[in-house]
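There are two complexes below, and they share subunit A, which is joined by subunit B in the first and by subunit C in the second.
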Partner chain A sequence: MAKLKLAVWKFASCDGCQLTLLDCEDELLEIAGALEIAQFLEATSAIDDGPYDISLVEGSITTAHDAERIRAIREKSKVLITIGACATAGGIQSLRNFADVEAFTSAVYAHPDFISTLKTSTAISDHVTVDFELRGCPVSKHQLLELITATLAGRMPRVPKVSQCTECKLNGTVCVMVAKGTPCLGPVTQAGCGNLCPAHGRGCYGCFGPKENPNPQALSAQLADLGMASRELRDFYRTFNAGAPAFAEESKSHE
Partner chain B sequence: MSERILQVDALARVEGEGALYVRLKGDEIEKVEFRIFEPPRFFEAFLQGRDAHETPDITSRICGICPIAYIMSASQAVEQAAGVSVTPEIHELRRLIYCGEWIQSHVLHAAMLHAPDFLGLHDAIKIAEVNPDLVKTALRLKKIGNSLMEVVGGRSVHPVNTRVGGFYSAPDKAKVKALLPELEWGIAAAREVALAFAKFDFPDDEYDYHFVSLKHPDTYAICEGRLASNRGLDIAVSEFNDHFEEEHVARSNALHGRMRDGSAYLVGPLARYANNYAQLTDGAKETAALCGLGEVVRNPFKSILVRMVEVQYALEEAARIVRGYEEPRPAFVPVPPKAGEGHGCTEAPRGICYHSYKVDDDGRITHAQIVPPTSQNQPQIEADLTRVVAANRTMTDADLQWRCEQTIRNYDPCISCATHFLKLTVERV
Partner chain C sequence: MTARTGGSFILDDPAPLVDALRADGWRVIGPREGDGAIVYDEIETAADLPRGFVDEQDGGHYRLRESGNDRWFDYVVGPQNWKKWLFPARQKLWSATRTADGFDIDPEKVEFPKTALFGTRACEIAAIEIQDRVFDNGDFADAGYRHRRENTLIVAVQCARSAPTCFCSSMNTGPRAEAGFDIALTELEDGGFFVECGSDRGAEILDRIDATAADAAAEEAAQAVTEQAAQMQMRSMPENIAGLLKDSLDHPRWAEVADRCLSCANCTLACPTCFCSDVEDVNDLSGDHTERWRVWDSCFSLDFSYIHGGAVRRSTLSRYRQWMTHKLSSWHDQFDTSGCVGCGRCITWCPVGIDITEEAAAFAAEPAEPADAGGLET
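Right after this comes the complex of A and B.
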């Protein structure tokens, strides 16, 4: 059987999620043996114009050109999977969605007229059909390997949609919010990072985005009891998954 | 007069998206532009009004390859604005995780992105087909850098354990000490890879660069010292804007860094090596000598060797810190909200990364400025391209294009950092 053709694409992002693929040092040569890497600009100058069996897409849509480019990629890809918070929710750059982008441009650039950008930073699924979304800022190496293995085997990847609280319980991590009063987004955030922040004594900051059926209103009430002001609450939901609907909506209720 | 047009739509093996445009009329070079048109993400703008303590985590998302550079420069700037200094133990631990970033980023670039240029191959996977042991050694080296970042920072891309004032928790002593055997293996392995790369056929090219880097009397500067150059610059980090400026040009979404007199300068491994050679370890100096490098390297194509010398240095430095490691108590110094202005500058793998913030009484950002290394190198990259095209006009289009791409990769340009799609167009009219 011919090897499946893999393409890796980048939109507005930091490159960290594609880097996670190159960070699979123990598995990289095996992955390269199991798949044909047809397009992966960050890693190879060999370019195959497609079509592709699997496209992994990093980054969000912030320009009219990129909105067209993702549609062309979708047409050439049997399976399209988005990787990371930029691709699944618009990323940190989606903070522009809550502000005046023209003011943003002139704050950074001396000649705003040279810059062409959309008013919003949006998820790939706002533009084309996405077959699977892998969360994280960045994605987890283990989940990425599971995704590739599952896709090669033709099954759905096993990626739990439970909360970060579940990961704390499974790892025996003491609740930072109950024990120390540290504000934590764990109750509304999807698990999968490997229980990183609470295990390091800090509150979860939501880099895997909202869990399935989250209840952020209840969490906000608890956070307010811990002493967080409205502005702090608003910013707490407004980071790397600010554009995810559950977080965006909750943040607006604290404006 | 001969008319030739060369065009490449995407330059590969760089981090981010950019373009190159070269136009030749006969033997005359009409235009050389290194364009960055990765879409802008407006970090400086949306930082306004945010809590200063959020700047390390938020700015780390500028770059997944060098998050520590952003975390450390931001932390330094916010600490300075509040008038707080960290303890020597915390500073040492910051150097340790920074060594991890240098190792993984340098090995990624040297072995996987840059070495293929010298071998006429498309990628490291192709190198693995002809020299599997070299690629396996490089991957193991890269993994050491990532492991170091994971043990100290929780994960290698966007670490979570770092914060303004230090670390959320002290890395576990046993886990830190357990890194030592691999670090010791890596010191010899880095030399082995450097010597393998030293056999490459390097293009003849030399330029009298203005090398700018941090400099510290006692150590090979990473996150300490003053800004210095081979032409007598010697200033405090807080004086950055008195000597450097950023220009916004129509062709690029990154600002171009220049000296106040308009001249180009170079940041990164060649600059650090030239300015701080004396502070390298004996082992790193010996590897440099075995690779045929003098105390200053002016051939930009040999930056791949200097990167490997720095990898060895970072491994030796990490091993030193690990041997003496005791869990810092406290793991962080409190940084209460206070109005002020602060500056931070550290050596990202690609060169100095400068941050400056103004903070109000509530500890919120009122002004942010971030100057990443690649935007500073952009004018020098264009100057190098002009020189390389001029010297190689007799080459075929395909060869000249390859050489131009290689010239850009000499800088390990992090276009995501500089803001970011690389398209290469060589037009001959």
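Right after this comes the complex of A and C.
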């Protein structure tokens, strides 16, 4: 069987998700053996014009040029998988969606007219059809390997859409919200990080975005009872997944 | 049978019992203070026990505080329960390796050392007995579960107080454990322990200890302790709830609770009787080696009810209804008992404090017309 051709693409992002791929040190040689890496600027200068069997896409769409580029990549890719909060929800840069971008550029840059940018930062799936989304800021190494392994084996990756709370309970982590009154986005956030924050006594920041059937309104009512002011609630939903519809809507209701 | 089986004794403190168990080769799992709660983990001596702590519990609320006295067991049940040990959250079932003409299967051997569950409460014994029916059920028994249970010894602690979330009295599961233990301890009001021996295995341990026989006054004092815990209970389950829920499947109350429910699954995962799991296959990059794991799952997750073409019970309404009706109603049809022992964990550990007894009371207060199954929300 011919090796599958893999391409890795970057849009508006911090490179952290691609680095997660490079961080799979123990498995990298095996991955490189199983796949032909046709395009991955973080790892190799070799460039292959495609078509590709699998495209992994990091980053969000923030310029007209990028909106064009993702369409071209889609056309050349059999399977397109987005990785990370930027690609799946617009990333932290989607804070601009709630603000006036021109006011920002004129405040920050000496020559704002040199800046060519869209008013929004949006998910890849707002522009092209996406076959699978891998959440997280950054993505989890474990889930990334599962995704690659499953794709090679021709099966669906096992990436549950359940709550972060599920990970707490499976790991025996004491709930920080119930036992300490610490605000936590876990009940509306998709699992995947391996229970990072609650296991260290902190509330979940929502890196993996909204879970299936999220109910942020009900959570906000409880967070307000724990003492969060409206403004704090608004900001709580506005981090890496600010642009994810369930979080965006909830944050707007606390403006 | 030793002379001690069925007898009762007096001990000054639990230390000699922990020591005797360990000397007899038992791993002792018991309550410990961890991350601001009572958790169940291995203990080496009685000094590891969280002496002088008391818990404060309510819907979505738990705090562990120093009690200001040196009593040993004034806290009640915490976020974890014994299924963590008897029905582990993640369990490898078998692995397989590709061969020239197929694959070899290597079943996972379950190794569970002799383990004493120290400090098991009455409701928890009832929960273990419920899971016994689920997993140790004749032709379809789970060999791993059975092995773990066979290697388990139960040292009960009879509750001296109840949390406001406890309602074992109304479920007839506590606060006094009448059976199901090898040894049971009651911490008496003026110090010291009334020790009941429930089995030969318990007697073998007690034979190692210098404990004096208890008299009738001590037994009366022990009864008074659990009596007092029962008196403290503030919540209860309506007696006719099983039938009531059957007639309430399209009651408007479901929509109200679904508005508040996060479908986060905490209630099911904290519940000591919930037994649902998922089975997943994990293969390596080469595809030459694969493992099959069993992992806790919950009826609140959509994949749980995924069948050809999609998941059934898509709405939070139908998911909450599945949880509550299974626990309190259809469990009777399936296992001849309620699926709830009244431990209150689902109330305390629900991040938004949804209270199964309050929901039950709402159905009891306004019974619905018998359900029209055709119109059920899925």
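Criterion: the second predicted complex is superposed on the first by the 255 of 255 C-alpha atoms of A that agree within 3 Å, B and C clash if a C-alpha of one lies under 4 Å from a C-alpha of the other, contacts with A are read in each partner's own complex, and residues count from 1 in each chain.
Criterion: a residue touches a chain if its C-beta (ideal position, glycine included) is under 8 Å from a C-beta of that chain, and two chains touch if they have at least 3 such contacts.
These figures come from a predicted structure and were not determined experimentally.
**Q** Which of the two partners, first being subunit B and second being subunit C, lies in contact with A:201: first, second, both, or neither?
**A** both
**Q** Between subunit B (first) and subunit C (second), which does A:227 come into contact with in this model arrangement: first, second, both, or neither?
**A** Neither partner.
**Q** Taking the superposition as given, does A:148 touch the first partner, subunit B, the second, subunit C, both, or neither?
**A** Touch partner of A:148: subunit C, not subunit B.
**Q** Between subunit B and subunit C, which one contacts more residues of subunit A in the superposed model?
**A** It is B that touches the greater number of subunit A residues.
**Q** Go through the superposed model and pick first if A:41 touches only subunit B, second if only subunit C, both, or neither.
**A** first
**Q** Using the superposition on chain A described above, determine whether A:138 touches subunit B (first), subunit C (second), both, or neither.
**A** Only subunit B is touched by A:138; subunit C is not.
**Q** Touch test for A:117: subunit B only (first), subunit C only (second), both, or neither?
**A** A:117 sits against subunit B, while subunit C stays out of touch.
**Q** Jot down the residues of subunit A that show up as touching in both complexes, subunit B in one and subunit C in the other.
**A** In the superposed arrangement, which is not itself an observed complex, subunit A uses residues 201 for both subunit B and subunit C.
**Q** For a test of understanding, state which residues of subunit A touch subunit C in their complex under the given definition.
**A** Answer in residue numbers: 27, 30-31, 34, 145-146, 148-149, 152-153, 158, 160-163, 165-166, 168-175, 177-180, 184, 186-188, 201, 212-215, 218-219, 221-222.
**Q** For subunit A, which residues are in contact with subunit B within the complex?
**A** Going through subunit A, the ones touching subunit B are 10-20, 22-23, 25-26, 28-29, 32, 37, 41-47, 62-63, 66, 91-93, 95-96, 99, 101, 103-105, 107-111, 114-115, 117, 121, 137-138, 193-194, 196-197, 199-202, 205, 207, 232, 235, 239-240.
**Q** Considering only the defined contacts, which subunit C positions touch subunit A in the complex?
**A** 34-37, 39, 60-64, 78-80, 84, 89-90, 259-266, 269-270, 280, 282-287, 295-296, 298, 300-303, 314-316, 319, 348-349, 351-353
**Q** For subunit B, which residues are in contact with subunit A within the complex?
**A** Residue positions touching the partner: 10, 12-17, 38-46, 48, 50-51, 54, 57-58, 61-65, 67, 104, 108, 112-113, 116, 122-126, 128, 132, 135-136, 139-140, 142-143, 146, 154-158, 160-161, 163, 168-169, 247-250, 253, 255, 405, 414, 416.
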